[in-house]
Amino acid sequence: MHKPPMSPDLLLSLADRIGVFVFAISGGVLAVRKQMDFLGVIVLAFLPAIGGGTLRDIILDEPVFWLNDTVTLLLAVAGGLAAFFFYRFVSRFRALRWPDAVGMSLFAVSGAAKAMALGHGFLVVLIMGAMTASAGGLIRDVVANEEPLVLKDGELYATCALAGSLVYFGAASLGLGETIAFAAGMTTAFMLRAGAILFGLSLPRAKG
Amino acid sequence: MHKPPMSPDLLLSLADRIGVFVFAISGGVLAVRKQMDFLGVIVLAFLPAIGGGTLRDIILDEPVFWLNDTVTLLLAVAGGLAAFFFYRFVSRFRALRWPDAVGMSLFAVSGAAKAMALGHGFLVVLIMGAMTASAGGLIRDVVANEEPLVLKDGELYATCALAGSLVYFGAASLGLGETIAFAAGMTTAFMLRAGAILFGLSLPRAKG
Amino acid sequence: MHKPPMSPDLLLSLADRIGVFVFAISGGVLAVRKQMDFLGVIVLAFLPAIGGGTLRDIILDEPVFWLNDTVTLLLAVAGGLAAFFFYRFVSRFRALRWPDAVGMSLFAVSGAAKAMALGHGFLVVLIMGAMTASAGGLIRDVVANEEPLVLKDGELYATCALAGSLVYFGAASLGLGETIAFAAGMTTAFMLRAGAILFGLSLPRAKG
């Protein structure tokens, strides 16, 4: 096992790209369901795929991550094409929810890591993790005129992203190394989301 | 009354923070009404609280105001918590509309002041005042799938923000001093909004 | 015909301004139809008029184009006023669709040109062209709670913008000169949109 460790930058860029592809599928699937045309499917694939990271980079005043990253853009297109041509396969409940959970976990930790690398404090790191993971899906649902899944009762979506960012922040603050902090944060976010999917975990609601 | 005068920077930062708290409540209340879960309430509290100012700062290419301002973020969270735990109290008609009018007046003038301090002209100052005060509430309503209150007939909402920005611009251009310009702009925006609430003042509509 | 040729900068700025006016009318007309008040009409005029270009400039980290361009802002206001006072005239089917097609073509090419002038690659140039032309209309529809026209089956809207950007990119890459590349891109986008309007051209949909 004497592989050289992955650099934080490589981890970050890999996480962003895998997340981009699986999120793009979720947007494309929604567009097909909404009877949009071919280009509408591609556009709706882009929104969750790069929306959260774009918002993060704009707010942090960083260069938007996909401007010099052709691979990311091609992966977003590929996710849209996959939804368009293999709708029946990718729109199945399981095929959609699990890669989405992986993408959410990856985006949460990469967003938190980017904010932390820029020297931002605890709250901003949490917000950036949750935003990178959730804002794209929120924009997707708002544009498609759907109730935003992310904020819905019983979904635990942004909560998982927040928990993953929190664990990443804690591990990185303790000096455990980037790779371990990444793995710990991702695992936390993913397990919590898996619990929400499998066992229906949910947050309390206020008495309206 | 020999207190030292408040500096413009202090006034600006104070205005932003009070506005953040009262706007956060409005978002949290809407989220509770929409049956969102705990984190959904917090997220929807953030949208009106920091949405308008965030958009203003991004367009003006300024550092986003809450990135280095933990107090602001905590106030947004506090507004969400207040809505979650004290929904029955804060969701009452009067308890909601009046602090909202105060927040709107504060945001309008602080947005106008920021644009003016950067040397922008008349129209940009007005737009930034109106945007800081109204865009967050617009985003809140769009995300929650509500008809945007800000643009609705008979609400006079953005109009009050515009009037407050106009008076601030006039007073500051005449060299009346930052504190007086602030007070004049805020009072104008608030009185006009109070008139709209109490007497049903409204703008004309086109004959469709 | 010995006029001096127009400089690329002048072409760009002219294209942006004409587009701003005709797009503003489309937003204002929608606002009147939605029974918004006077200022709501002006706000909804701004969204399509400057929304796409604003998003483009923010993502490209360029100064937002209207901050130092009072004429653009006045044209957006003028478009809103035109919709408010001459609703019956400007809301007619033909009066609305054709200037909208011109605006779309102009915005597509000016967006592509701006990205290309900054040295961005093929995909980013296409995205910026399509975004400048389509994102403002998308924001307009989302804010007004309408189904987004841009993504709708049978409209070919973003597709035309994409095709215009593609032709512009090709012509400019071949060194044909800015004016010719502009004309070629605009003509392509406009002819395709005219075909979509007149003959009902459309993109395929997936089998949902």
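Lettered A, B and C in written order, each chain numbered from 1.
As a working rule, a contact is a pair of C-beta atoms (placed from the backbone, for glycine too) under 8 Å apart; a residue touches a chain by one contact, two chains touch by 3 or more.
Because the structure is a prediction, the values reported are computed rather than measured.
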Practice task
Just say which it is for the chain contacts: an open line, a closed ring, a star, complete, or other.
Solution key: complete
Fill in the blank from the handout: For the copies chain A and chain B, the interface residues, called same if over half of the numbers are used by both and different if under half, are different
Practice task
For the sequence-identical pair chain A and chain C, determine the rotation angle of the Cα superposition and round it to the nearest 5 degrees.
Solution key: 120
Handout entry: Centroid distance [mean C-alpha coordinates] between chain B and chain A, Å
Key = 30
Exercise for the section: Please list all residues of chain B that touch 2 or more other chains. Expected result: 58, 142, 145
Problem - chain B - residues contacting chain A, complex - result: 31-33, 35-41, 43-44, 54, 58, 63-64, 66-67, 70, 73-74, 83-85, 87, 142-143, 145
Fill in the blank from the handout: Contacts from chain A onto chain B in the complex sit at residues 58-61, 120-121, 123-124, 127, 134, 138, 142, 145, 147-148, 150-156, 158-159, 162, 202-208
